[in-house]
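One chain, subunit A, appears in both complexes that follow, with subunit B as partner in the first and subunit C in the second.
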Partner chain A sequence: MNLVKKRSTAQAREENVGESMWSKAAYKFRRDRTGMMGLYVVVLYMLVALGVAFGLWGTEWSDNNGQKWEGISFQYWFGTNILGQDIFERAVFSTKTAFEVGLVVAMISTLIGAILGALSGFFSNTWIDEIILWVMGVLDSIPFYLFVAAIAFALSGFAYSMHVAMIATFWTGTSRLVRGEVIKLKNFEFVEAARAVGVPQHTIIFRHILPNTFHILLVQSTIVFVGAIKSEVILSFLGLGVKDGVSWGLMIAESTLEVQAGEFANFYAASALLFILVMAFNMFSDALQDALDPKKVSA
Partner chain B sequence: MVNILLQNFKWLNGLLLFMVAMSLAGCNAAVDIDKALEGHLKGPAKIYRHSLRGAPSSLDPVNAATVYSNFIIVNIYDTLYRYKYLARPYEIVPNLAVDMPEVSDDGLIYTIKIKKEVFYADDPAFLNGKGREVIAEDLIYSIKRHFDVSNRSQGSWLWDGKIVGLNEWKDAGSNYNQTIQGLKAVDSHTIQITLFKPYPQLTHTFAMGFSALVPHEAVDYYGREFSVHPVGSGPFKMLRYESSNYALMIRNIKYRQEPIDLSFEGYDPKLHKQYGIDKIAGKSPPLVDALKIDFIKESASKWASFTKGNEINFSGVPVEQVDQILTQKKPTLILTPEMSEKYHMFHTIEAGFVHTDFNMRDPLIGYNDDPIRDKRNKKLRCAIRSAFDWKERNDVFYSGIAVEYPGIIPPVVPEFDPHLSNISTLRNVDEAKRMMLEGDWTKDNVPTLVYGGAASVSTRQIYEQFRGWMKDIGFPEEKVVFDSYASFGDFNKAMKEAKIMIIGSGWILDYPDAQNTLQLFYGPYGSPGSNNSNYNNPEYNRLYEQTSTMLPSKERTQLYRKMNNIVIDDCVSITGLSRDNIFLWHKSVISYPDSGIVGGFHLKFVDMLDEEGK
Partner chain C sequence: MEILQYTLRKLVTGIPLIFGVTLISFTLMVHYGPDKTYDLLGKNPTQEQITEVRHQLGYDQTFVVRYTQYLQELATMNFGYSDSSGEKVSSILIRTMPVSLALILPGFVLGNLLGIILALISAYHRGYWIDKVIMGVSVMGMSVSFLIVIIAFQVIFSSSKGLDLFPVRGWDVYSFTDYIHYVTVPTLASIFVSLGYNTRFYRAVIVEEMGRDHVRTAKAFGAHPIELLFKSVLKNSLIPIITRIMFSIPLVVISGSLLLESYFGIPGVGKVTYDAIISGDQPILKAVVGLTAIMFVFTLIINDILYKVVDPRISLK
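Entry: the complex of A and B
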């Protein structure tokens, strides 16, 4: 009797899961071990970044208390750099830098991409669509790092020049995806119905259509997030990135001279932390993409 | 456990190093110079391959403003004077000039005779392609070019307001047919220069690339391209020039025959015999058939190219390699046995210095209309200087082999005072805190220190080190910030507009006279002039003006040292340090390199041993 009852509860849960795309996706995501592992690592990094932001750790990243290139010890877990700075402290502080850049760039570029993509899609084949597509075409035709470096260079006096540069390039990808989705959605019956009862266009776009692209925005924002972190490292390496504080990119840039002197700690610390986060984010992002894919979710 | 892990990863370190070295070396792929030299050299040729850390900005003498430009220009063109190859301290001697100038008793008229039968290298710019004789008018023409605004000269400051009629000539529109009262050719090989007031450094200006003699035919023929088509009467002739990669020169077969007199050049067997210098006695420069100079900015790439064995013959030693190649740093530098077997080494204190200036036009730290704040600012500057640790700077960035000294007169000039108290160069945190207290400075009311610099790893590290020292005397971390400029040009522009509060910079001497560094703090030369600190002390200015017309003497030296003390007392600059440059070159090369005052002049004395070591 009990066995029958348990089975029917599980069946009921399965049936309930099928009711919403989001709950179905969440269920599917939880079953993806790789994705979950990626999520755990990302959450761990996020906690580290939050700890730095609240001054719980990583506070001594700028102190020059050690000797030049000290080895690994209980005091200096990853050793020290050329200035006698604690490499572990700097690597931990850099987590905050990475999340700050990733979050700011991902949020703003996703927002811009969503709005312009929605407008472009809703007004497809009109002058609004033409202009937005032209802007995106122009931006996309410029080699990415050249364009980012040019903007960062032009705004070099501005503390957030790197953020601006990345946002200016990253939104186009999101925008194209949203545009395609909106073109599909605007012909659905719920939109026709809204039009029929006289709902204003801006309400249709932003309250009826755009919420239905959230699965795209969510996946895209994770991709942008990790892209921003990688770009920050490259730009900082080139001297166009982080102005204040320290980042993995700056640490790798510092290590170029140290490696020639046979000192590798700075390079390994920054590279390893960057590699793990990027890998984890990619795993998380892939699993999320699979979970939110309408074809797979509805299957 | 960690050690075991690290030991196991040693192969990874090696692999990483290999990859870095290979990728960087690959950036500077060797060019096939044999093809370029084909038809220009007969038989077995001596080809010397030098290297520089940067590329010349121009090969036109009016723009010989960088060390790299100057280095090449003095090998293509002739200057009236040069510095002895081996003598230290540096001694100026005639080059194209027959003798040292005849100077009138009042020090206002200089008469200089130039050598006869000296010819420009053959070039299509000349009639029938044959280089003509160098004449006195060429010097006059070359100096006039600096005062022709269309040339945008970077060297006109050397003679600005000093030669009678020259500025008026410029103001009247720079008509080359017009004569200048104070700059005339007495005959085809004699020049007479008349000054407004004595200018003891004038002779030194004629040993600089800026004063190189240029034939007007080449300027007319090449026009704007002249900056990459140099035509001169120097020991070498340019064969191929790739502005960001290399310069390939061949021996100027028309160069005058002047056998080397080693004793005249300052030969000392104890110092120079080890380099084989005695073997060049009696030979006429240039001693090699071809000279290739690679411009390699990336130190790892340069080092890889040098140690590879068959590329460049000469390299400076990157700071990160110093500990690897030396077995001893003090009291003298000693190479490891493996290195000394392959290479010659020479090291010398640079003809220049590194310093960190306060911008005195910034009321937050410099001059302030409020006399009380003005005094507090001085206390603040002195406190910052006391917190500055030159020893650590030296250890971290210059391998601990640079020379630290007080003031702005570097050891390389004869006016240097070795007995001056070095207290201003020593870190004293207690003293710094005491001065902060005296100036009523606390962590809440100190101004934000803005340290300016071009965006680069080393500049950023220098700033981070500075910030660490400031934190030690009570500056909050957020009150010591870095003002990063995308390029050195942007940084220089901001510096010339007096926009930077704290300026880390260096200065390479134009000539071996302390006047060249003292002028960096002369009030009227404030931004956009050479006085980046915008220091303006009436007493200092008066002494500078007084000494500017004095010939070298004990009295002048005393006044120079007095000026040095004024700068120290006013805490206007954190000084000083002169780097110790280490040079290595292959044992098949006979050379005594110099990157400073002698600079490119030494290349005409470089020789190569043949396979038998002769």
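Entry: the complex of A and C
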């Protein structure tokens, strides 16, 4: 325990001088203009989503008050859809759906990826590693959309079958990266020292090694977040996605009929909001990777 | 000879993978899949009729028996007849797989080729405006959903509101001009969607290679840019490129085309499989999933052999 304490004081001293990985990364990130812009946009979306979650706005998303395909007006900012529903309200409500899908999938799949990746890396070349690698290989070899469709039917009626399917496929990427990093880290001196003073194995894995992969987990979770939002759109179109509420994917799916009739408001609204969020998140994620990985080839 | 031995050894180690994929898919799609009994029965069936149909579909057997049967079918490549149409599964696959391949191949090849070319340009001018433009556009391309691209391209190229040059949906291909006619819009859409990802990936690989000493030396000796890029850089970065291309093949063939096939109404294997999941047509599902798993194992093997071809220092062990 003594050694650990010493390490953390050394770390604290470094942070004061601004030499730790995190303070350096924060400094680098703040100077990245596109990254900061991305972050601002993501925060803005998040506030909109929180507002929806607390019932401040986007509450009339399912009311069909208007006429079919009303134009843009003061009452209906983006016009109305085929059922006379307010497109603006629906688009705003969908922000919450997107964040819910993104956060749930990103958090749980990162957690699973971290734990299993750490275990398989720490016990590399043993049967534990073999089994985890086998599971990952198997999950990666099943075509994604077929897998989701199959899970949707196996869990029929369960509102979160889409989330389950995404988590089941997305954790493998994180897990592989964590595994590689843990294999590298477990030969470091601090692990040897912890072992020498008799720290139990699970503490070494989860308290000493895993926190050192946090930068990978952070970047990976932003990548999974974007992947989840984008997959939701396609799955909702295929009828496998969001079951209650509305999402940009459902809006685009219903707009396919309207587009044929020459009504683009629904399509534009959902596509633009989706595009801006994904774009901002990609910029944020790129800047995060640049800031956290000194080896990464940047522009 | 070495390659043959290696292939056989790899095939044996690929068995657990095939086993796992088929087991998970079988559990999800067949064991928990939709029940077809009442689709095949008339109104007010008697108890005997129900038992009869359930027996035909194999529902009355235990999980283990059915799974073993499936493995036998997979080993002999004999998947029987579709539950829905009564057509032979193998003839369905022979009919639909070429369609999917013809649909996806041009976009896949062009998407990767263009990605490599743009990545070479971008990496060569690293840090200059042309690099920044290419990378900026790539991030934008990555941020557009495939579905949005498909809808937009269909409106722009195929509908009466746009250019109205190509058919909106369908697949009536009898000649090469027909083929071009039907394949252009889906191909453009898939290139658009994959180009951003490809360019970024290949650029990262190439930039890393550009920083090596032998490239700097070649540059110092005044090597022509084209020669430098192709001989010194591209040849040496082939391994990650091959890995990326090879590993997308099994997934591209089936899931990659599902969205295109269902939106453009093209009768390919992705659409057939998707319909089979919805309707619970188990023989088709078993065939597609099993074949994908086998394809994966072969991809892994071919991938390793290609490594050896590209870099003779790699030994197959």
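One rule holds for everything that comes next: the second predicted complex is superposed on the first by the 274 of 299 C-alpha atoms of A that agree within 3 Å, B and C clash if a C-alpha of one lies under 4 Å from a C-alpha of the other, contacts with A are read in each partner's own complex, and residues count from 1 in each chain.
Definition applied: contacts are C-beta pairs under 8 Å (C-beta built on N, C-alpha and C of every residue); 3 or more make two chains touch, one makes a residue touch a chain.
Being a predicted model, the structure only gives us computed values, none of them experimental.
In the superposition on chain A, A:141 contacts subunit C only, with no contact to subunit B.
In the superposed model, A:274 lies in contact with subunit C only, and not with subunit B. Contacts of A:234 after superposition: subunit C is touched, whereas subunit B is not reached. In the overlay built on the shared chain, the residue A:244 is in contact with subunit B alone; subunit C does not reach it. Touch criterion met: A:283 reaches subunit C, while subunit B stays clear of it. With both complexes superposed, C is the one of subunit B and subunit C in contact with more subunit A residues. Of the two partner chains, subunit B is the only one that A:254 touches; subunit C does not reach it. Once chain A of one complex is fitted onto chain A of the other, the partner contacts of A:85 are limited to subunit B, with no touch recorded for subunit C. Once the two complexes are overlaid on chain A, the subunit A residues touched by subunit B in the first and by subunit C in the second are 153, 256, 259-260, 262, 267. On the side of subunit B, the complex with subunit A involves touching residues 2-3, 6, 13, 16-17, 20, 299-300, 303, 318-321, 323-324, 395-396, 455-458, 460-461, 464-465, 467-469, 471, 477, 481-482, 484-486, 490.
Residue ranges on subunit A touching subunit C, taken from their complex, read 134-135, 137-139, 141-147, 149-151, 153-154, 230, 233-234, 237-238, 249, 252, 255-256, 259-260, 262, 267, 271, 274-275, 278-279, 282-283, 286, 297, 299.
The part of subunit A that touches subunit B in the complex is made up of residues 62-64, 68, 72, 82-83, 85, 153, 156, 239-240, 243-244, 250, 253-254, 256-262, 264, 267. Partner subunit A is touched in their complex by these residues of subunit C: 16-17, 20-21, 24-25, 27-29, 32-34, 126-127, 131-132, 135, 139-140, 142-148, 151-152, 155, 159, 161, 204, 207-208, 250-251, 254-255, 258-259, 262, 270, 273-274, 277-278, 280, 288-289, 292-293, 296.
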